Each structure stands twice: as structure tokens, then as C-alpha cells.
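All remarks here apply to the structure that follows.
Order as written gives the chain letters A, B, C and D; numbering starts at 1 within each chain.
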């Protein structure tokens, strides 16, 4: 029984959760084949999958390593740009870099490679930024990373870098989610994958993060979160491990950024503002700081509400002849932010607290026994 | 190689105008249990923090197994405000190892105000402390390719918990344990780093006499079981007199006496310091 | 407490969406316009044109059945990151054709979603060539920036006798950057020199940029920026007593801008699509409608002055109707197929598409602000062959 | 050379003064609650919106202005009570998140009310008039801002050093728990801090928007962020620090905007490099440098955390 110490708890919950996730993927695939591709459902699923990855990557920092960073948007920007720059088809570059004679980069790489580039680029910048910044304490760190995100944004917008970044102008024409669909010669779609693939990408990434969290390094991160001094006294090198967590988190933020680019089909530096970081932070909080499952749930919830379920609040609604008051452009966001405030104030632990998917089944099974 | 495992030479730690530790010199031999005692605020924990690399000493040097782990002399502003003894001895290149480095060399510690990893189970607290001895890099362990290593570490952890009689609570949250057990867990966690020198900062604080009894037995037991040298700070005189081979006494940062328990027990200076200490 | 709150939360999410009941079959036309953000004012005025046209002709006969035309709105927030979901929204509501947007950037950002769902879009005042380039689904009823840039450059160089021009554009705004680039190209071809500068989104302190222009001894200050910024630029220019005239593109053609310049000692010249008075019947009808509709009035900036974008919106609506008639079905693909052949004599002039789907336009109106009255005044109709 | 730099200096000083008035709010709140009040910039913006609507409703200016200030102060008070007080015992991170939530809410609320359209700020006579000093023409407000700022700061410093409540504030910022034990009414002290902070933000908004005349839900974000940077730069917790920092940042930012011209005139560059792009980024670069070189800022006193 030795080796079962600490995971004496039966393995069934884990297996169950795997089953559930797998089932979900299958459902998504089937739905995509049969429901009209114009349905809002798929928008939500695509964007949700993207945000889920970014939220989890942020949670790895804020929730599991206790580093309160607000640089996420900056790293997403790097990822998005790297992806776009390396994947725009050659014959389109002239059109995209219209003011810069087709730009400096005159080759393009396959999508998976570009995704990895995106991650690496973000991770690399994170490493450089981390060197000075990670020595700072909680909210100083937060504001410094926020500052760096803004600086990155400005650099990418600088006209002198136009040949690479297309200045402040939009990057587009790069492969997006719809290009994952398999088409026949006539150009009709035979197999829809435009939602399934994003799920796979972000699924794999999140799985990697989860593995990391459950590895020895993950434990070291948690140790740092719980008590830096004790962690150091147990031989954990703070600088090295923080640097590691920061770079890894940024790597996945970068991949997330690339996915966001694919979702939006265009990239522009000016949209990666601190507001975006706040949005992601709120997602993490709503889901529960320190719960991967929570982050994933709340990403989909957040996107679904803002893109879909609460949309009707923005338009005039008639019940018979009675016009529902207050409903007009912007009301959705008001309701939305009120909900968020309620969560932040009264449900501070978020949807999941620090629980994960298996824990849900675990409780159930326990009850079952009783 | 020489037989003292830790040697502190002319250690002085000064915060601003306050001299917390003043010209402290002492040594610990292999296999010894050495106690550092003194009234509250005498600078005992500060000395610990210097040894473990939390503080950079103002002056003096510390050798572990003959290797410098700290060496410095007053610099900058300190040079003017320095109030300790001779600062001349250690001028020149200073050495400062970070706490984690010191731990890697084989010095482990517990904390006076318990510092367990609150978000983790008892088992994970100990398992985490094994992290520094791992061979596999983060890619390997992320992909869980180091199964053998992980398994070994879990088994060792299991052994440790058995040794400190915490096996039954292995899956409890660390902070949910009673005070006494938390202290034991801290010791187990320290042992998990495979130290040769163990620093215990008031391990018996908040324990009842009976628990204290067990503790002294326990300390001896782990000393033999893990071939440790032990450096202990403690107020419980019975415990100190019972287990320690030699005792150092400091008051207001200065060393006022040292020797075997019997000598210390009837050393007037010590008694004075303590009575004085109590009175204030 | 928590219990109640959580219940409330659930309710907030569960409120059902109410559908409208109606007798006639409905054909949906998507309105892909900014209702908020920097271009919000312009977007709303453009939408007004469509709304007016819609209440003027609320039904259309397609094939041999009469359909009620329903305008479906989506606010693209004048930002390229909100545009996709706005486009998605229209797509998911299966509109037969979409109109818009005010602002080229958002049009480009939304484009691919309509393309994927093959829904045709009729660009109203998005003047950047990139909008329609290599797109079969994007059409446009206004002139293009190269043309507008040329007109402006010529006007500045010949009429205003400017030798040095200072261009100011918003970072990452395709309209601004595009137009000023074309202006620069033409102006330099004519032998002038151009200093171009950019300001970050959300900037509100333009004094330094105005000073820059003055320092470079610019003879003209060219700022083809969205209404939000142009109003601030005008006011700050006024308070700095700048000597050079301020030149702008079609975005400045709004009564909001005119009001901002009222009573100030500055010269403002712009090019645009339509000048009040060119079509009296439309003017009269539109003003009447504005005055009868409080909400419309506020959306128009509080008075009944007619902005060119409204006229364009009006024409766009009728172009869409023509396309629907020609298609003989509400199927978006059919409408797309029908659109290239559509011709129409709108209030802003004759509309006919070339092979890239752009309207063939050869003339632009040059206007200036009468700073006493705060009205736009017609200067000339510039034609470039 | 001077004539080249001066106009930038001028607008720099004025915007610096306005940042200063916001920065004080940040620095006071941080000093007492150790909280970055992300919503402060939005309070500043809301104050602007209130002014727009009050004037639109036809209330004469001489009533509007004081009313705006009072309302702004009240909003500050309200926010503290609603969003921060319940979290007194919570970890700092969740309070910070609550602050972000409040800022999000305020912005969306204004977006809803204004319909996301820019609101033209009412022109306040006299201070909106143009004046020409040393060849640079500008608004009167530009000139008076720095003086008004300095004056208000002096009043504030007096308040803090001479009055009972000021003493309480200093006590609380020194040691929260102890001063609580000493029977200081923590909550009222905190409320007053927020009221003062918001009041000054209100004054700032009047000056700022008289200069820059359009208000939109996002108007507060950048000035807010910069004011905060100013506070950190000057040493968060220290009022003089915040003011000095604000002026430095205001001036630097405008110099950067004009850098092309200055370098060009000085003949250092052949053609403009579009360095104005970095006018915002520079502020943050400055922040990071100071954080790394001297984490406690220019005037911040050192804090040591116990092992």
C-alpha cells in the first residue's frame, strides 16, 4: 500500500472526469457537424476555448505561484503578432503590408510551428522582463507588469518597425479557425473542425499546465505561494522557480494570443489593452483563484454571457405592446459588471474555490457510500 | 577533514543602531546536540537567520564543514555606525549564500513561528521539501517521465511521516493539525531535505510537559537515525539540559557562557542574566 | 444573503428573449455600425439614414411576395476587437445583406465573418481600398481614399497654396493611416513636404501635436481622424490661436464637429460625399423625421443638420433593396450574386459598381465650417479624372 | 532652443498639475489601506460626466461646480463603503480585484448612460480663455492649474499635520492594527481619506476637462494609470512625492511628444522618427526603472518585513 499513500483516494474520480471531458469533446465535434455553422454557439465555444487557455495560464501565476502579474495582455499580443507575422501567405503580404512594400518577413511557416513560435516568443520576452521585475513584491509587481504590457504595445505600434509589425495597422489574411475545416474540391466543407481544433489546442495546453501543477515543480510553486521564506528554507530557489512559472505562463498566454488572433481573423496592437488583462483576471476570480477547472468553466460562462445570453439586454424588447424599460445599448455590460461585483464581494472563492473536476465526483462518491 | 561541522567566527549582526548579535563565536561538532539559550530578544533567532542565509551578517564568518557559507565586514553606511567588535578581520571579498543554497549544502531548519505550507496536505508538505534533491529537470517531471524518482520520493516521505507518527493524518491539511503535531511536521519537512545539520528554533514552544518529554526522546532518535548534528534554540530548560551535549548562552547578543549542561546550570553569569531577563 | 444573491444571479441569466410577432414575412438587413466608441457619433448618424429610409419604405416586394424589412443592429464599438462578435451576431441572425460600417478598420475586421457565411456587405462610408480588395462579398457605395487623398492634396497645394503639411493620425486606425498616406503620396508628388505624426488611442491632449505642427512651420494641418478626436483638436487649436487651416476627410463632416468649431477662430476644410441642399426632397423629409423623433434627434447630435453619412446610409438602404429585388429571394448568396449589376440614382449621386465592387465616383464635395453660425458651407465640387 | 521647448513645458506643467490632484488620491488611499484603488481614475471621469449632465440640465455654473465636487467626494465615500469595507479582512489581492471590478462597473455605467458617445465638457468662462505667455498661446487653465494644485497640496499637508483627523490618518498609515487598538475609528478615517481623495480628483477633472473638453467612459483610465505611476514614482504614501512625481511625468510625457521637433530643430535627426508613439509607454518605462532602482520611490520611507 506504500505507493498509494497520499493518493489513497480511489482513482475513479479522475477516470470519471476524463470520461466527462472526452464526452464533451465528442459532443462538440458532433454538434459542429450537424448544427448550422452560423450559430452563436460556436462563436462562444471558440472564444471560450481561447479564453480558457489564457485564464488558466494566468491562474498558474496568480493562483498557483502567488505571483500577481497583470502582464497577460502584453504576452498575448506578442503571441498573436508572432503567429500572424509568420503565417500570412506570401501572396497576401503585399496587401497586408500595404504601406511597407510587403514587409520584411518573406516566408511563412505551417500553423502548428507558428503556434509554438508564438509561445516561445512570449516566453522569451517574459524571461527578459522577469529578470528585473520578479524581485518586486505583490502589487508593485502587478503594476510593473502592467506597465510592461503597455510598453510592449507601444513598441509594436511604432512605425519604424512597420516592415515587421506593419506599424500600428491591422495584420490579417493569416489562417484562422475556419481554415481547419476540410473542404472538397468544390470548396464545400465536408468535415467541420473550426471549433474542434481550437478545443484540441487549448485542451492540450491546459493538460500540460495541469501536469506541471501536479509535478514536483508544481508543488514547489505552491510552496512559494504559501510561504516564500519557508520555501526558500526548504531549498527552493525563488528566483529560478518564479522565473520558470512566469515564462511558462507567458508561453501559454502567447499561444492563447495566437488563438485569439485566429478567432478574430485580424490582429491589432491597440486592442490588447490593460482592460483585456482585467477581463481575464475577473474570469480567473469568478472561476476561483487556484482552480484550473474553475477558470475553464468561468471562461465559457463569461464569454457566453457577454456574447450571447445577455445580448438581448442591449436591444429594445417588447412584451406584447409593453416596452421593457432600461433596455438599450450598453445595459448588458451594466448588468454584467453588477454580477461580477456581486461575485467579487460575496462569493470571493469563486465558482470552484480551489476544487478541481475530480473533487466534484469525489464528494458525490462519498455521499454515495453514506 | 576537521570534526566540527559548523563554526561561527566573530558573528555580528547589526540592524541600524541595534546590535542583535555581537561578536558571537561558537562551533558544533559532528554528532553533537548543541543548544543556544538566552533570555527573549537575546539574538538567538537572529543567529539562526545568519547561519541559514536569511540575513547577511554585518561582520564575521560562518563555515559549514570547513566551507565558507557567509563572510562579510561592515560596508557602506554600516562602516560608520558599526558598533560591534573588531571589523578588521574579515575585510575583503564577502561571501553570502542564499537560504536555498545553504539548505542544499545540508543545513535544514524549523521556524519559531511555524511556517508550514498552508495550502497543502501533511504529505505534500514533506514531499515538497524533497524537491531540491530531485535529478529530473522540469520538462521531464512535467511530463511525469520521472516515475521511478517520484515513486521513490513518495516512499521516503511515507517513511518520514511514519518516523514522526503523522502517517494517520497524511492527507489532512497541514494547518488543521494541533500545535504539537505541526512542530513535528516542521521537523519532518526539514529532515526531508536530507540535512547533516538540523537547526531547531524552539521546537517545544507551546507543548505540554508530556509532549516535551516525547520530543526530547524523539530528537535523540532522529539524531541517530539520520546521523545528524543538531543546533537547537530552546527555553524549556529541562529539555535543553536533558538532550544537549554543550550549551552556549547569549544575552544582549553577547556570548556570556558556554560548556556542558552541568557547568551552565550553576554559572552565576547565566543565572543573573536569566533572573535579570525575567525581571525586565 | 448568499442564497438570495445566487438566486438573483441565476434569474439574471435566465431572463428569456422575447420574439416579435408580425404578419408579413420578414427580410433582415444587418446594420453593422458603431453605436459607441470614438466613431459612435458617426455610426449613429449613418444609421439614421438607414432608419429614415426604412420608415419611408418599410416593405419590399421580392419575387412576388411582399416582405417587411427589419433592420438588425449590431454595435461594433468602433474597435477592431469588438467587430468580430458584432459581425457574428448579424451572421447568427441570418441577415440577407449587411450595411456598414462607418470606419474602415472595423469593416475589415468584420469582413471575414460575412465572407464565411457568404453574406454580402455594402460598405457605406468605409473608404479604405483594403475593405473590398480581393473580396467578392464586400461592396461599397462611396469613393476611396486614394481618390479622396488626391483631392485633398490638390486642394491643399493649389487652393490653399500649402508647401508643408503636417499629418496627424490615430495609431492603428486604418482609415486615418490610409488616408494620410495617400494624401502624403500625392502631396509630395506635387512637390510639397509632409511631416506625419501619430497619437495613441484615447489620447486627449493634442496641444503638443499642434505645437509640433507650428514648430515645423506647417501651412496646413491634416487630421483625418474620428469625430471624437477631431472635436478636441479643433477646440485645442482654437485655444492656441493656430494660424494654419485644418484639413480633414469625410469623418469630420458632422454637425458635432461643426458645433465644436462654432465661434472659434479657425479655418476647417474637408471633403465629403454629400452637401445639404443637393437633394431638397430628401433634406426636407429627413429633417421632418428628425424633428418628429426625439431619439433620432439626440443621435444626430441635437440639431437637424444633415450629415453626409446619413445621406449615404439612406442610399445604402435602397441599394440593398434593389439587390433584394434583383435577387428575387432573401437568400444571401443570391443577393451577393445580384449586387454587382445593381445600379441606383441615390441622393448622393449615381451608384454603379466596378469589378472590385466599388462604386464609380469621380467627384467629392469640399466643405468648410462657417464659424459664426457653426454650419457647413459648400466650397466646391472637386473632380479628379 | 528654449522657445522650442517652452510650449511643451507649459502643457507638461499643466497636465502634471492635473495628474498631481489625482495622484494624491491614490497615494493617500495606498498609505492607509495598502490598496491600489484602480477605480480612482474612473471616479475622476465620472466627476466629468456629472458636470456635463448638471450643466446640460441648466443649473448655473456657480452651483454646478461645488455640486460636482460634493457629489464626486460622495461617490468616493460610497465606493469605499460598498466595495472595500466588506473586504477589510480579506487578502489584499481580492481588494485589488474588487477595485478593478468597481472601475469596470463605473465605465460600463457611463457607457450605458452616455450611449458610448463623447460628451462635450461645458466651457467655464475665464479659465477657458486663451492667454499668451512668452510667445506660447494657451488656455488660462493651463496657467492656473499648477498654482491651484500647489495651494491645495499646502492646505492638505496642513490638514494632515495640524488637525486631529490628520493625526489619526498618519497613525493609521503607520500601523493599522495598533491605531485601531488605540481607539481610532478606522472606518471614519478611511472614509475621510476617500472623500478627500475624490474631492481632489473632482477638482482635477474640472481643470483637466476644461482643457481637453471631451469626456467618455474611458477618459479616466489613462490619466488614472499615469497618476498612479506618478504616486509610485514619488514614493507611494508620500503626498509631496506624488505631486513631484506627477509634474515630472506630465512634463516628460509632453517633451516626448515634442521630441521629434526638438531633436529636429537641434539638428540631431534628419527626419521625424515618430517618437510620439512612446509618450505613454515612456511613463511606464520610468515607473519600472524607479521600481527597480529605488522600489520605495523618490520620497517613500523604507519598509522592512519581518522574518
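The criterion applied here is as follows: a contact is a pair of C-beta atoms (placed from the backbone, for glycine too) under 8 Å apart; a residue touches a chain by one contact, two chains touch by 3 or more.
Everything quoted here is computed from the prediction, not taken from an experiment.
Enquirer: Per-chain Cα mean versus the mean over all protein Cα atoms: which chain has them closest together?
Expert: A
Enquirer: If you take the mean of the Cα atoms for each chain, which one ends up farthest from chain A?
Expert: Here the answer is chain B, farthest from chain A.
Enquirer: How many angstrom lie between the CA centroids of chain C and chain D, rounded to a whole number?
Expert: Going by mean C-alpha positions, chain C sits 35 Å from chain D.
Enquirer: Would you kindly tell me how far, in whole Å, the mean C-alpha position of chain B lies from that of chain A?
Expert: Measuring from centre to centre gives 43 Å for this pair.
Enquirer: So, what's the distance in Å between the C-alpha centres of chain D and chain B?
Expert: Chain centres of chain B and chain D, defined by C-alpha means, are spaced 49 Å apart.
Enquirer: Which whole number of Å gives the spacing of the CA centres of chain A and chain D?
Expert: Chain A and chain D have C-alpha centres separated by 32 Å.
Enquirer: Scan chain D for residues touching two or more other chains and write them down.
Expert: Correct list: 111, 115-116, 221, 274, 277, 280, 307.
Enquirer: Can you pull out the residues of chain A that are in contact with at least two other chains?
Expert: Only 154, 157, 159, 168, 229, 329-330 qualify.
Enquirer: Could you tell me which residues belong to chain C and also touch two or more other chains?
Expert: Chain C, residues with two or more chain partners: 35-36, 75, 171, 198, 200.
Enquirer: In the complex formed with chain A, which residues of chain D make contact?
Expert: Against chain A, chain D makes touches at 34, 36, 83, 86-87, 90, 92-94, 96-98, 100-105, 108-109, 111-112, 115-116, 221, 225, 228-229, 232, 273-274, 277-278, 280-281, 283-285, 287-288, 291-292, 295, 307.
Enquirer: Can you list the residues on chain B that touch chain A in the complex?
Expert: Within the complex, chain B touches chain A at residues 52, 54, 98-101, 103-104, 108-109, 111, 115-121, 123-124, 127-134, 136, 138, 141-144, 150-151, 153-155, 157-158, 161, 167, 170-171, 189-190, 192-193.
Enquirer: Using the touch rule from the top, collect the residues of chain C that touch chain D in their complex.
Expert: 35-38, 40-41, 44, 75, 77, 171, 195-200, 202-205, 207-209, 211-212, 215-216, 227-228, 231-232, 235-236, 238-241, 259-260
Enquirer: Applying the document's contact rule, which stretches of chain C touch chain A when the two form their complex?
Expert: Touch residues, chain C against chain A: 1-2, 5-6, 8-9, 12-13, 15, 17-18, 20, 35-36, 73, 75, 79-81, 84-85, 88-89, 91-92, 94, 105, 108-109, 112-113, 116-117, 130, 133-134, 171-174, 177, 181, 198, 200-201.
Enquirer: For a test of understanding, state which residues of chain A touch chain C in their complex under the given definition.
Expert: Interface residues on the chain A side: 37-40, 43, 47, 95, 98-99, 154, 157, 159, 167-170, 172, 176, 178, 263-266, 268-271, 305, 307, 309-312, 314-315, 317-319, 324, 329-330, 335, 339, 342-343, 346-347.
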